[in-house]
Amino acid sequence: MRAKISLFGQLTDIAGNNIIVVDDVADTDALAQAVNKLYPAMAGIKYIIAIDKKPVHTNTALNEAVNIALLPPFSGG
Amino acid sequence: MRAKISLFGQLTDIAGNNIIVVDDVADTDALAQAVNKLYPAMAGIKYIIAIDKKPVHTNTALNEAVNIALLPPFSGG
Amino acid sequence: MSEHRIKNIFVNGPIDASFIGDSIAKHRSKTEIGGHSIFLGQVRADIIEGKKVQAIDYTAFEEMANEQMHQIREAVFEKYDLTCMHIYHSLGKIAVGEICLFVFTSSAHRKAAIDACAETVERLKSTLPVWGKEILEDETYQWKVNK
Amino acid sequence: MSEHRIKNIFVNGPIDASFIGDSIAKHRSKTEIGGHSIFLGQVRADIIEGKKVQAIDYTAFEEMANEQMHQIREAVFEKYDLTCMHIYHSLGKIAVGEICLFVFTSSAHRKAAIDACAETVERLKSTLPVWGKEILEDETYQWKVNK
């Protein structure tokens, strides 16, 4: 499937955008691989993948309906 | 010696006064005995004796120059 | 189930000290409270590679952060006997010396208020999707990293 | 040796929320601060043998309390990397819902501010010669006992 991904924090600097689109990703592992290939600088950042506003810590299947976001390390407060 | 003693908190209720005087007390142990005899209700209260604004935890000699205070359990804040 | 609804913790710009004072004053009628614990985050003038931070520009994944905060709130209310909890986090450019985080817990007894406040601060720092961009004096910037 | 002088922590009557707000605002210029921790004691409407507390009347051995507080301050500054500490305690009759204790610590980093505030509250509660007389709704009273 084609995944539309929201970016935050320093990831937006790397991509030069708040949203990126990657093709042919069936699950979150494939998504991370595709993203890191497209933007090698992202591979060096320990980002979390969030699906529908929840952090995902194991490989998870994707579908067109889900909301995908990449979250670099938090620095609130 | 004659000791002039400042009272605080509930001890002032028992004595009906902020200051009491006891005679013939050479040290803090003798002072506590004299006070508890004069005001038996004070014997049931775990007060601390302060000499010159410092709590005293072992028997301490008294002299006319020191400031003596009896402090019932604290309840500030 | 919980009575708490998901609240919006975000405010645009710094948190005024007078807002904090007003929040405290509102608790006067809650006479079951014996202790309040408050944590305030203030933007610090760190020196980064010889340049002074002049502001932090905060952004967040707001919807997710509010949901995460809701979960923290539920867990903390479950663990401690609290009367109330209020949380505010700034968004946008906050100058050094300004308040960017306000965590406020109240309880009948001090221990619950103090422990709940400390735990809430730690949890929100580690789990809320919020990012601070440190704006340096020469207008360059660096993404902040929480310790 | 210490730079701190013995301060008077006592104020007559309740501590206004606006005073707390103003105290916070004064720290805006201290841009080395990253976190503030505040504890507030509020007079609680406890029920004692069926009667509601309507106020606490605080008295203190003021000179000794200020000396003891000075020692606590020195010990806490020694232990934690603090920027500043402010303490205020009410004297006189404080109605339920009013603030009677204000402990305020600030540091570059949150942990020092939070831990120092919590420790200061515990230490002052156990060592300051201050007494609260709980005034009940029928004007009888009972001497308060700290837990």
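Letters are used for the chains, namely A, B, C and D, taken in the order the chains are written, and counting of residues starts over at 1 for each.
Throughout what follows, a contact is a pair of C-beta atoms (placed from the backbone, for glycine too) under 8 Å apart; a residue touches a chain by one contact, two chains touch by 3 or more.
No experiment lies behind these values; they were computed from the predicted model shown.
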Exercise for the section: Sort the other chains by how far their Cα centres are from that of chain D and give me the top one. Expected result: A
Exercise for the section: Calculate how many whole Å lie between the centre of chain A and the centre of chain C, each centre taken as the average of the chain's C-alpha atoms. Expected result: 26
Handout entry: chain B and chain C, separation of their C-alpha mean positions in angstrom
Key = 48
Exercise for the section: Could you grab the centroid distance between chain A and chain B? Build each centroid from C-alpha atoms only and quote it in angstrom. Expected result: 72
Practice task
Please set out, as single numbers or ranges, the residues of chain C touching at least two other chains.
Solution key: 41, 110, 121
Completion exercise
So chain A residues touching two or more other chains come to 77
Handout entry: Inter-chain touch pairs (all)
Key = A-C, B-D, C-D
Practice task
Could you pull out which chain D residues touch chain B in their complex?
Solution key: 41, 58-61, 63-65, 67, 89, 100-101, 121, 124-133, 143-146
Handout entry: chain C-touching residues of chain A, taken from the complex the two chains share
Key = 6, 8-10, 13, 50, 53-54, 69, 71-77
Practice task
Could you pull out which chain D residues touch chain C in their complex?
Solution key: 17-22, 24-25, 27-45, 96-99, 106, 108-110, 113-114, 117-118, 121, 147
